[in-house]
Amino acid sequence: MKQQHILLTDCQDSKGLVSSISTELYNREVNILSNREFVDPVTGHFFMRTAFEGSTDNSNLLAVLKNLLPENANVRLATKRKKRIVVLATKEPHCLGDLLIRTQYNDLNATIEAVIANRAALGPLVEKFKVPFHLVSHQNKDRVEHAMEISDIIDSYAPDYIVLAKYMRILPQEFVNKFNNKIINIHHSFLPAFIGASPYKQAYERGVKIIGATAHFVTGDLDMGPIIEQDVISTNHRMTSKLMAKAGMDVEKIVLARAVSKVVDDRVFVSGNKTVIFD
Amino acid sequence: MKQQHILLTDCQDSKGLVSSISTELYNREVNILSNREFVDPVTGHFFMRTAFEGSTDNSNLLAVLKNLLPENANVRLATKRKKRIVVLATKEPHCLGDLLIRTQYNDLNATIEAVIANRAALGPLVEKFKVPFHLVSHQNKDRVEHAMEISDIIDSYAPDYIVLAKYMRILPQEFVNKFNNKIINIHHSFLPAFIGASPYKQAYERGVKIIGATAHFVTGDLDMGPIIEQDVISTNHRMTSKLMAKAGMDVEKIVLARAVSKVVDDRVFVSGNKTVIFD
Amino acid sequence: MKQQHILLTDCQDSKGLVSSISTELYNREVNILSNREFVDPVTGHFFMRTAFEGSTDNSNLLAVLKNLLPENANVRLATKRKKRIVVLATKEPHCLGDLLIRTQYNDLNATIEAVIANRAALGPLVEKFKVPFHLVSHQNKDRVEHAMEISDIIDSYAPDYIVLAKYMRILPQEFVNKFNNKIINIHHSFLPAFIGASPYKQAYERGVKIIGATAHFVTGDLDMGPIIEQDVISTNHRMTSKLMAKAGMDVEKIVLARAVSKVVDDRVFVSGNKTVIFD
Amino acid sequence: MKQQHILLTDCQDSKGLVSSISTELYNREVNILSNREFVDPVTGHFFMRTAFEGSTDNSNLLAVLKNLLPENANVRLATKRKKRIVVLATKEPHCLGDLLIRTQYNDLNATIEAVIANRAALGPLVEKFKVPFHLVSHQNKDRVEHAMEISDIIDSYAPDYIVLAKYMRILPQEFVNKFNNKIINIHHSFLPAFIGASPYKQAYERGVKIIGATAHFVTGDLDMGPIIEQDVISTNHRMTSKLMAKAGMDVEKIVLARAVSKVVDDRVFVSGNKTVIFD
C-alpha cells in the first residue's frame, strides 16, 4: 500500500479555492482518494480535507498552496499513521478498558503510550495490556502543581493527543493552554445540559427522558469546549441516578471512542468553539 | 365492546398495596386488561395503573379503596373516552396541523374543541378542519389581561387539557395555577439545554451534534415543568440555526403528539417535578 | 435572491475531475454555494453535486463539461424550483396529510398537483387543501388496465415525481418502467426485513424489538428498489401488530417526507440499486 | 443487604392471578421491591416478575403457588447472584473484550468461567484476565464431533448461560437442544434482515441506510431464535462493507452486553419464539 496523506486547509472563502487546490494536486499526479469541503454560510470560512496517495514534495506542496490561498490560510499535511495518545483517568474502567482493547486490536488508529491516573485503582487493568501506568496522586498538592507533574510525564511521551477517560479533576488553565486542541474529554451528559459535577444526579432530579454523553476538546471554560461527538439513550422513571450512571457508561465509551477515532484520522477541524467534521 | 376504565392510584408505599387493590378488583369480577405499578426507590411512593373492563359501582370502588389505602392516597377512576382539548398556537403550522389530522382521523384519543391563537396566520388551516378558531391578539394588552381573555374562551369549552402547539408567549402564573397539570407544552430543545428563547440559535452557537424537543407540563417556572416526552435528531456543521429549526419541526410534532397521546390515555402520573409513565 | 442551480455529475472516476469541473465553474464567475463529491471505492464511479448562484450560459456549460468529462458521463443542471408531485394513496391519511401540510406551508420544496386514490376515503382530506382528487377504483379492472388509467391522469399533470403515500397496490412493470427513478414509495418496514404484505404482522410474529420504515425508488422488483431513507423506533412485547402499525405511522410519514425532500432538492443520485445522497 | 429473590411466574391467564400471588407474598411478610406483569392480549398468557427481599420458605412458597395457579403454570424462584457464563468465540476481540472488562469490573451480574474458541487468536486477550482459555479447533472434525467436544468442556464448568461472542460456526441441533434457552448469540445484522453469512456484505449490496445487531437465544433454526435485544446505527453511501463491519462492532458489543445483562438479571421470559422482558 502506498503512503496516504491528508491535506487540511481552512481559510476565508474566496472564489476558485477548490479549483486551485484540486488543480495543484492534479498536476502533481497524486491519486486523490477523497475530497470534502465546506463553506460556513454564516462566517464565510472555507474548510477542505483531501486524502491522497502517492508521493510529492510535501514541503513544496505546502509552500505552493500557501501562495495560492488567501492570507492567513491554515494548511496542514498529515501523514496517515497511528497517533500517539496519553490517557488520563481516575477510577472508572469502562472508557479506559474500551480504549485499551481498541488500540491493542487495531480498531483505533492510535497507540496508548501511557496512562496517568490520580488514583491507583486502574493500575492492574492497564498493566494487563503492558502499557505504562503512572499514579500521580492529587493529595496534598494544589491543582496547578498536580497538573504540572502530569504535564511533565505527558511531555516524556510526546503524544499527539491527550484523552481524558473519565478523569475527574478539573485541569488548570496553564495545562489547557499548553495542549490547546489536543485534549479530548468525555462528559457524562448531553451538553450543554448538566455541566459540571454529578450530571446523572442532575438528570435524575430534572426527570429527563433521555440521557447522553458528549466528547469535546477541553478549553479553559469547564465543559464548554468544541463538541466532537454526542449520543443519547432513553431513560425512564424506574432509573435512579445510579442506574442512569450504569446505563450511561455504554454511551460514554462509544462516544469517546468515536471522537478519538475522528480526531486521530484527521477528520476534525476546530473552528471557534465548534468543530467541522468530515466523517 | 365493554366500557373500559382506568384506575390510577398513588400513595406512600406500604406492604400489601398490590394485594389489596388487585383483590378488591378481583372480588368485583371485572376483567383486568393491564396492571402496571412502580415504587419509587428514592421517595418510597407507590404508583399503580390498572385498566379494566366491566361494570362495577365506581363510586363505591373509590370509597372502598380509599379506606384500604394509606392516608392521603390519590385514587382516580377514569372512563376511557375521547378527551377534550383546546390548542393554543401562534403562527407555526406543523404541530397544529399534525394534531388536527390525528384527531380528525382517530390517531389520538382526543378531539380539538377549539384553537386559540395570538396571530391570525393559522386561521385558514384550522378552518379547513371545521374547528373553531379564536384570534386573541396580545397587542396593547398586558400579559395577564391577555391570558385571562384566553382563559375565558378556554372555560367556555371545558377542556380536559390545553395543548401549546408552539404557542410563543409566556403564560402568567395565574393562568398556570388555574390549569395545574392540564397544560402540555412543546419546547424546541432537549431540555434542560437551551431554556427560553431561540433554542435553535443557542444550539447552533454551542455547536451541538444533536438537537431535540421536549414535551412537558407547564408550571410557573419557564421550561421547568415535569417532562413527559423527549426525542432527538442528529445535526452537523452544515446546519445553520434555520436548517436546525426546519429539521427540528419533525421532532417537535412527533414528541408533542406522543406526549398528548400518553396524557389522554391516562398513562401519566405527575410526581413532584417528574412524571411516572406507564406506556 | 439570485437563481440557484444544481449541477449533478456522475461518471467513471479519473484524475482531475474535481479540478476540471471546479475550474470551469470558476472561470464562469458563478458563486459556488456548496460542493460535494464522492468516489465509490468499489465501483470507481465519481459523483459530484455543486450548488451555485449566478447566471451562465447553461446549455454551453453542459456542452463544455460533456467534453471535459469521460465518455458516458451524466451531467445534469437543475434549476432550484418547486417540484411538481402527484401523490398516489389508498385509505390511510397520515402520510398524505403530512405531505399536504408540508407542501402548503413551504416545508417541502414541492407542490402536490393532484392525489389519485383507488378508494374514496381520502377525498375529503384532499379537498380541504384545494388539491384535485381522482378516484380510480381498481375494482373489475386488471392490474395493468388500472395502472394505465392512473398513468394517463398522471401524464395530464406532467409531474417531476410520483409519491406513493401508502398506496397499497402493486404497480405493473409497464408503469414502473415509464416512470423510472421517478416513483418514491414508503414501505412500512425496515427493508429488507418484512418485504411484501403486512410487515407489522410479520414483525409482531418475529418478535423484533425495533420496527422501521423505508422510503425507496420503485423498480420492477417488489420492495427492492434503491433505498433513499430509513428510520426505526423501539417496540416491545406489549405491542400487538395493531399497536406497532399505529406507532409506525409516525416513522412512515417522517421517513417519506425526508426522502421526498432530498429528491426534490436534487440531492439524490441513483447508482445501480443504491443511492448516493449529499444531504 | 438482605438476599434478593426473583419470582418468575407464567401461565394461562385467569382472573385473580395478581391478587393470589401478591397476597401470598404479602402474608409471608417479605418486602416486595418491584412487581411487573403482562398479559399477552393475543395468546392470553400471563407473565409476572416479582423481586423481593427477605426470607421465606422458598420451596414451600413454590408449592403453595403451584397450587394457587392454573395447571401447567411455570413458577421459578431465582436467588439474585452472579450467573456463571462460558463464552464461545472465534477471532474477533470486541465482544469478548467488552464482556471480560464488564465481568471483571462488576458491570454485569456474571462471571466468565471459561472461553472456548475454535481459533487461537483470542488466547492472549483471555489470559490477560486470568480466565481459562480452551482452543478447540474445528479442523478435521465434523460439526457434531466438534460441538460435542465443546459441550464436554462446557459441562465441566456447569454454567448458567453460554454466550456466543462472534462465534462463527453453526451449532448442531444436538448442541442447541442440550442447552435450550441457555445460549445467547449476537448476530451482526438487524434480524430478520441479512440472515446467515456476511450480513455487512449483504447490507452494503442492498444499500441500506441503517445497520444493526441482534442478540437472540439460539434455536435449531439459524438466526431465528427469540430476539432479546436489537439496536441500529446510521450508515451511508461512503461506507464499504468493511467500514460497516467496523462501525457495527460497537453496536454488536453493546447489544450483546445488554442482552446478557437482562438474562442474568432474570428479566427475560421466553414465550414461543419471542421474549417478554421486564427491564
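Letters A, B, C and D mark the chains as written, and numbering starts fresh at 1 in each.
Everything below uses one rule, namely that contacts are C-beta pairs under 8 Å (C-beta built on N, C-alpha and C of every residue); 3 or more make two chains touch, one makes a residue touch a chain.
Note that this is a predicted model, so its numbers are computed, not measured.
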item	value
Far-end chain from subunit B, centres as C-alpha averages	A
Selected pair, out of A-C, A-D or B-C, that shares over half of its residue contact pairs with B-D	A-C
Rounded Å distance between subunit A and subunit D, as computed from the means of their C-alpha atoms	35
Separation of subunit C from subunit D, taking each centre as the mean of its C-alpha atoms, in whole Å	40
Multi-chain contact residues (two or more partners), subunit C	38, 41
Subunit A to subunit C touching residues, read off their complex	15-16, 18-19, 22-23, 25-26, 29, 31-39, 41, 234
Residues of subunit A touching subunit B in the complex	38, 40-42, 190-194, 206-210, 212, 226-232, 236-238, 240, 271, 273-277
Interface residues, subunit B side, partner subunit C - complex	93-94, 97-98, 101, 105, 107, 125, 128-129, 246, 249-250, 254, 257-258
